[in-house]
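Okay, so subunit A shows up in both of these, paired with subunit B first and subunit C after.
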Partner chain A sequence: MTAPTITSIRAGRIGDSPQRPDGRQKVTGEFAYSSDLWLDGMLWGATLRSPHPRARITGLDITGAVAMPGVFAVLTHEDVPGRETYGLERPDQPVLAIDQIRYQGEPVALVAADHPETARRAAGRIRVSYREEPPLADARAALAPGAPSVHPGGNLVRHVRVRRGDPDARAAVVVTGEYEVGMQDQAFLGPESGLAVPAADGGVDLFVATQWLHVDRDQVAASLGLDPDLVRITLGGVGGAFGAREDLSMQIHACLLALHTGKPVKMSYSREESFFGHVHRHPASMRYEHGCSAGGRLVYVKADIVLDGGAYMSSSPAVAANAATLGIGPYEVPNVVMDSYAVYTNNPPCGAMRGFGAVQACFGYESQMDKMAAALSMDPVEFRVRNAMREGSVMPTGQVVDSAAPVAELLRLVRDRPPPPARDTGDLRSLPGGVSNTTHGEAVVRGVGYGVSIKNVGFSEGFDDYSTARVRLELTGGEPSAQVHTAAAEVGQGLVTVLEQIVRSELGVERVAVLPADTTIGSAGSSSASRQTYVTGGAVRAACAEVRSQLLARAGDPAAGSPGNRPPGLAGAAGLGDLVALLGKPAEATVTWRHRPTAPLDPGTGQGQAHVQYAFAAHRAVVDVDTELGLVKVVEIATAQDVGKAMNPQAVEGQIHGGIAQGLGLAVMEEIQVAGGVVRNPSFTDYLIPTILDMPPVRLDMLELADPHAPYGLRGVGEPPAISSTPAIVAAIRDATGIPLTRIPVRPEHLTATQPDEGPDPPSAMIMGRNAPHRVPFDPRS
Partner chain B sequence: MQVPTHVEYERASSVDEALEMLSRAGGEARPLAGGHSLIPMMKLRLAQPELLVDISGLTELSYINVADAELRVGALTRHAQLLDSAVAGERLPIVHDAERVIADPIVRNWGTIGGSLCQADPSEDLSAVLAALRATAVIRGAGGVRTVPAREFHAGPYETVVEPGELLVELRIPLTANTGSAYEKVERRVGDWSVAAAGAVLTLAGELIEDAGIGLTAVGAPHFCAPEAEEFLRGRRAGEEAFTTAGQIAAEHSNPVADQRGPEDYKRHLAAELTTRALRKAFERA
Partner chain C sequence: METQVAQVAMTVNGTPRRATVEPRKTLADTLREDFGLTGTHLGCEHGVCGACTVLVDGAAIRACLMFAVQADGSEVVTVEGLAPAGGGLSAVQRAFREEHGLQCGFCTPGFVVSLTAYLRDHPMPSGAELRDALSGNLCRCTGYQGIIAAARRAAGGMEDQ
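Showing the complex of A and B:
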């Protein structure tokens, strides 16, 4: 068994777009994902999950499962040797349910068997007696006095208050709005999977697809009751993440089974189980009030945002802080009253997903900006430009934006793009309903909408956000070659390519190998918050500088003491011969690198230097809507984004296209439909993800305005594309139809007279009253 | 990993042999054609046949030809073959409209016409198309051949009149002069199941509608058709007014169920609108 080793000798320095070392393997199916891990003699783990969203466990009988031939272990919470709970911010989530169930799909028991089907069937023979209780399924109701508590201490996970200026400010023009965001799923393609191997020293080696190896390790070790050094984690091949792998899924479970049986244990979720195996994007319920002068300058914003965190905390506190601190958007507003709440309910747990709190708020504030522009009879772009934040602007937190904030420029860029061509009614693919032949142009109306967004990059609020990198330069076959070792997770974003580019640029060598990420080196932090190129890239650059300094010292160069001083011969075209002479023995450096510190928010006022960097993007959406059938075709997205420095322009473009696809999904397709705490569509047949035919052409303007505080001037790029693409598309649909549209995703029935989009989750309520027809989760056509 | 339960497998080299194998195993045998429905259902253990009779090698059941003013389609014909058929495209545009929106090219390359119909999924497209066209199903068993009108082929969701030991072998679709047809489908994303779909076949006599066939998919229309709307159209002057009213009648007689793809009212609304649009298109093509 081998973890995927990603090496490359392809050329490509910073600013180039070299081929990804894993690209060909992924396209041809040769890439080893974590679900491909295999050891002879390994067992298969299966999880028994609760069918109920809220219940007391009154009995548990494992004898039927234990008796099955081929079964090696059946474990319950009593078999957890260490801490019985885990969690990113607070360990409030049981490894296995203890006495109660707080969400549908909560793990209750584990089985290890010699065949996956045996394991699954044995899990089915475990008898659990539940006493069902009515689930707490509405986040605002969960905050009401007297609501039953999901956890001791009440249902409020965190309340973030931000106060700036005069809380009683008045304005000439006032618009209010209430908005809702449904539950989006990260919908990665590689389900949760991994392989735990018991070790002779009493520890365990875990190979797993994850986003943050060290935080996994610490949580696994605590629950196993082991010293963290005895839990060694190596990154398996990751089939997408988008935040969903920041929390644990099968990590502790597989390790428990491996240690219990003394055999390697593999766990790999089915698609359906995957929907219950990871956190989702928080649904949100938002109320906004915007006040504006008659001349079109924002005077105040008052808002409250309620985020449904579901049954466990996960990263809800940080999501609530993002929604609060970024919740008025990239605008200058002198007076702000913002309250953001994360709440426990009996819905599926929610946590990290691309955009992390900024997505929900952006739908609210951008909807409001359009509403206000209409109230003022102003052009929506002109109104935004007039209020746009710039470098030197002050955030509602009091933080000064101290690098480029080209909000007005981004808006003008997308506005000034030539409009897409008129409809081609001869090409069905370009029409709403696509090749389904439903329209040849009848009842189709075009609309245009805009959105602009702000996102923090990196971890905030005083978190010690760092990464560790080891760079080793040595002669291999007489040629200088570099090895890079970090614990940073390549989750498909292209990090390994960028790290190679950094080493080539810094050390002037062509041969670079990125070693498998594991916990034998210090933490790299999470592959999330658009931070990994910034932070691990920064660490790799710093390690390269150390290596360079060592070599200069060997050469007796007086510049050796100042690693930033780039000498000729180590990064230029010449000097390979010099390098060979200097590398009689390898040069190696391990560096822990931090970005500049942030500070906590004042709990009363939300004031503080909470974020390290801000990123901005603007979108213009053009849509065609079949107003009789309620079908939307997104015709084109024009976008502009400041990336500081395009380290790998093609990868940046890929991030932007992918983020827009995810934003489109939230606008018109993607929703985990939850009714009374029960998920109605846990399959890719019923959870709709945009395909290439749903995805429009993207017209992209990329700005490179260097951030002087960041390595190479770069700015995190991963998240902004997924944030304002959604409100831009919804604004375009409003423009086409005149329907207010206060809830996303917009559904076809919202666009016809048959179903208003008001009220909490009408489609789910509809399902509750009837039996949904039997639907098998695949495509049974023969 | 999803694993079916234990199953025996036999490969038939002729229709007679297939029938013999099927009847020997009684109700516990299933014919395997394209396998795009059966195999996934077996993996999920929603189907647990004891014997699979592989009929995918029976080239004698794979053909498209014209005889006696009928298009005759062998049950083992792949969706892609029907989509490639020039005669089907010219004479029966409704068939090509539907085939274009059945799943995706990979499924169409291997999935069979007979398998689709025998799966009898309420969201399956060809059932409504063949109902609109008033096609006939040819079924063979040990006792010989019988024919069943497409409108009597389904006994309920996932249920047909094909008995254990029988095989659907052919579909016969009437080719009528002065006739146009169309199929229109709403799906939430490309390649997805129908939220709702409608097919229309119009035979004209001058400005009057001599005969009409309307098929409805996924909206709970009994036997996938709308006889009340057809009756309304018969003898009426073709045009916008008649098509709109027919759409409303079809919607009134449909009985959609709310699911993840939409609420009842929206589906009924679609039944009306899509019927009207399909009639309009069929009229253009007549």
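Showing the complex of A and C:
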């Protein structure tokens, strides 16, 4: 059942770009994703979800489903043996709805059957009586006095206050703005899926696509009422993540069904169910006021940011902290009044997505920077450069930025890139509207815009952020070979490649195998926050150092025992012949490694050493806009990013390209459209993500300014590309059209006078399971 | 519940295969469940993402939008059938691997099959034509830059190794 161990014997050390060890399997179709898992005799799980965003459950009758041939189990919340709720920061989310519904798509009941269609049809025979209530659908309204509470204790999930300098500072030039960000979906291509296998010891083995195996395990175990050691999780092949797999989806459900039936149970969501099965990026409503001297130096920023967390907490508190602490951008500002709020509503739950709170704020502060530059009649890049943070600058939290912060240099790099060629009006594909043949160039205007961003790397605010790695060096067929074992999730980013490179560089051996990630070793933390190469890479490096020390001790090297002993690779240090002699028995080390500690924010002032590392990127966007139809073609993105050390330059480029594509999506096309708590576009026909025709060429400058505090000097790379690409594109559209554009994604109707159409009616019932059709009418005969 | 079934026979990756399927069963599910060919991926099951692209009588089609009974008597090639005998990779597969044309890889079989069919019929495509040809396949990881590089490389040298 486990993923095969991939042994790689190609060269490829730190700084090289070796091919992915899983690349061959991925191009031939042999790589097993979690949705490909199969055991003979397994059952299929299906989920019945609420069609209503807010309701009381007044009746629940499962007898029709239980009576269907082929059905092995029908479960409700009463069948949850342990804790009936789960959650990343606080367990406020029911495993299955308990008497009330807080969002559309909330799971109500589960079915296991011998065929996926049978499971789905049986779910349709569960009779649920709902008493609908008006949903609380607006985040600012949720904070108003007297608003109905989504949870006991009110709708405020967290308020983060940051105060620096004089709260009453005044300035010669003041600009204000209100900005909105729509709900973005991670839209990974591999749906939520996994296989739960009951074990003879009363426990369960779960094979699943996830970002964070141990936190999954702990939540699953709590709800099953099992000791965590009885829940064993192995990473299944992951078809993308981007934050959407940090919270649980089908994990507890499949395990409940497996333990209830005594049979393996597979669950695999359809695309529609996937839209309801994971958290999304928080929509935001933001108010900014920037004060500036006549000479163009920022004097103060005042802001409030309201993040719609939806029905459950997920990681909203941390998202609110990121928005607050990073919310004025990579600029030196002496006076800051920042309030960030995460709130409960009856909208879909929101949590982690690439950029995590920094994305929303960046649209706000970069829009403001352009507005202020215009008010000062200054060039937008020059204005940014004049206020740019640098190494030694002080964050609004009081934290000193203690490694490279080349904000001005990044801006100059993208500004100084040659402009892209003029559009070819003879090729429809290069025009807004493309082969729809909507223009031959008439009414098309070009614009240029800039954005720069800051992101924290790793987990913050005192979180104990560590990873665990085991490295074993032994002889295989007379050759030294290394094995690396961690619980770090390879989600596509290329971690398995980088870990191999680290081992090759540290131990000087060519044969390296990365073992499947599972919970038989200690936690690696989450594959999120751009942290895994930093933290698990750091753990693997430390484990290699210990293996090396063991071998040098065997060789009688007096330096072997000294702390911090880091000679070059063993093969180089001892000679390959010597190494073979030293490996009469394997050398193995397991190390838990932590980055520098961070500290909580002061609740009154937001002061504190909250973040471990900052990352910066700049973007220049060039767009063509058809001003009659409101269609946008992004012509080119120029970007510059400091990555500290490019561990694998080709993989770093891939992260940067992919992040820009998601930033482009948020700028001009991607939004989960929610009306009255109801999702109107849960499909890839209606939720649009960029295609190869939407994505322009990317011109990239990569800086490698080592962070002395980080392994190899590296800086997390995954998130910054997805942050300021969005405001750069919107700025370019503003430049082309002169329209203020205060909401993303920018829609055609924002660029023309026409009003949007009303969407389709919501479905009358939601029956989720594999192969569920796009809309399932409730059939009273069934 | 009475369930109708139909017998289907098709050649899959050069091997004659038979299955007993419900008429509503898609070709994609039949390939994955009856024939064990899970390289045909289901990303959306409504014909948008292209991850399930296979060749049916030489034409690139979305296996989630075709019933198995419609493929009765056809010659089907999946991503598992593209590599040359002997353990190598096709030129397209090799190019995706070498140009970092994949990250999570879930979309990759669809891109590989689509591009294989396109290059068979269009041996000397321009970059714009390659983008056009691949515009029916979604990738969420790469931003397509590595995929474009892979397509260019594959178009430049189609010999298997």
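Everything that follows uses one rule, which is that the second predicted complex is superposed on the first by the 738 of 782 C-alpha atoms of A that agree within 3 Å, B and C clash if a C-alpha of one lies under 4 Å from a C-alpha of the other, contacts with A are read in each partner's own complex, and residues count from 1 in each chain.
To be clear about the criterion, contacts are C-beta pairs under 8 Å (C-beta built on N, C-alpha and C of every residue); 3 or more make two chains touch, one makes a residue touch a chain.
Since the model is a prediction, treat every value here as computed from it, not as a measurement.
When the shared chain is aligned, subunit B comes close enough to touch A:T438, but subunit C does not. In the superposed model, A:Y86 makes contact with neither subunit B nor subunit C.
In the superposition on chain A, A:F242 contacts subunit C only, with no contact to subunit B.
Judged by the touch definition given at the top, the superposed model places A:Y534 against neither subunit B nor subunit C.
Within the superposed three-chain model, A:Q673 lies in touch with subunit B and out of touch with subunit C [touch as defined at top].
Once chain A of one complex is fitted onto chain A of the other, the partner contacts of A:T691 extend to both subunit B and subunit C. In the superposed pair of complexes, A:Y312 makes contact with neither subunit B nor subunit C.
Shared-chain residue A:Y331: touches no atom of subunit B or subunit C. Of the two partner chains placed by the overlay, only subunit C lies in contact with A:F31; subunit B stays clear of it. Under the contact criterion defined above, the residues of subunit A that touch both subunit B in one complex and subunit C in the other are 270, 435, 685, 689, 691, 693, 771, 774. Residue ranges of subunit A in contact with subunit B, taken from their complex: 116-117, 268, 270, 433-440, 442, 628-631, 669, 673, 680-681, 685-686, 688-691, 693-694, 747-749, 752-755, 762-763, 766-767, 769-782.
On subunit C, the positions that touch subunit A within their shared complex are 1, 29, 32, 36-46, 48-49, 51, 78-80, 82-83, 89, 93-94, 96-98, 100, 102-109, 112, 128, 131-132, 134-148. Listed in rising order, the residues of subunit A touching subunit C in the complex are 17, 19-20, 22-24, 26-33, 35-36, 38, 69, 186-191, 238-242, 270-271, 427, 429-430, 435, 491-494, 650-651, 653-654, 656-662, 683-685, 689, 691-693, 695, 697-698, 771, 774. The part of subunit B that touches subunit A in the complex is made up of residues 1-3, 33-38, 40-41, 44, 46, 79, 97, 100-103, 107, 111-112, 115-116, 118-119, 121-122, 124, 157-158, 182-193, 195, 197, 257-266, 268-270, 273-274, 277, 281.
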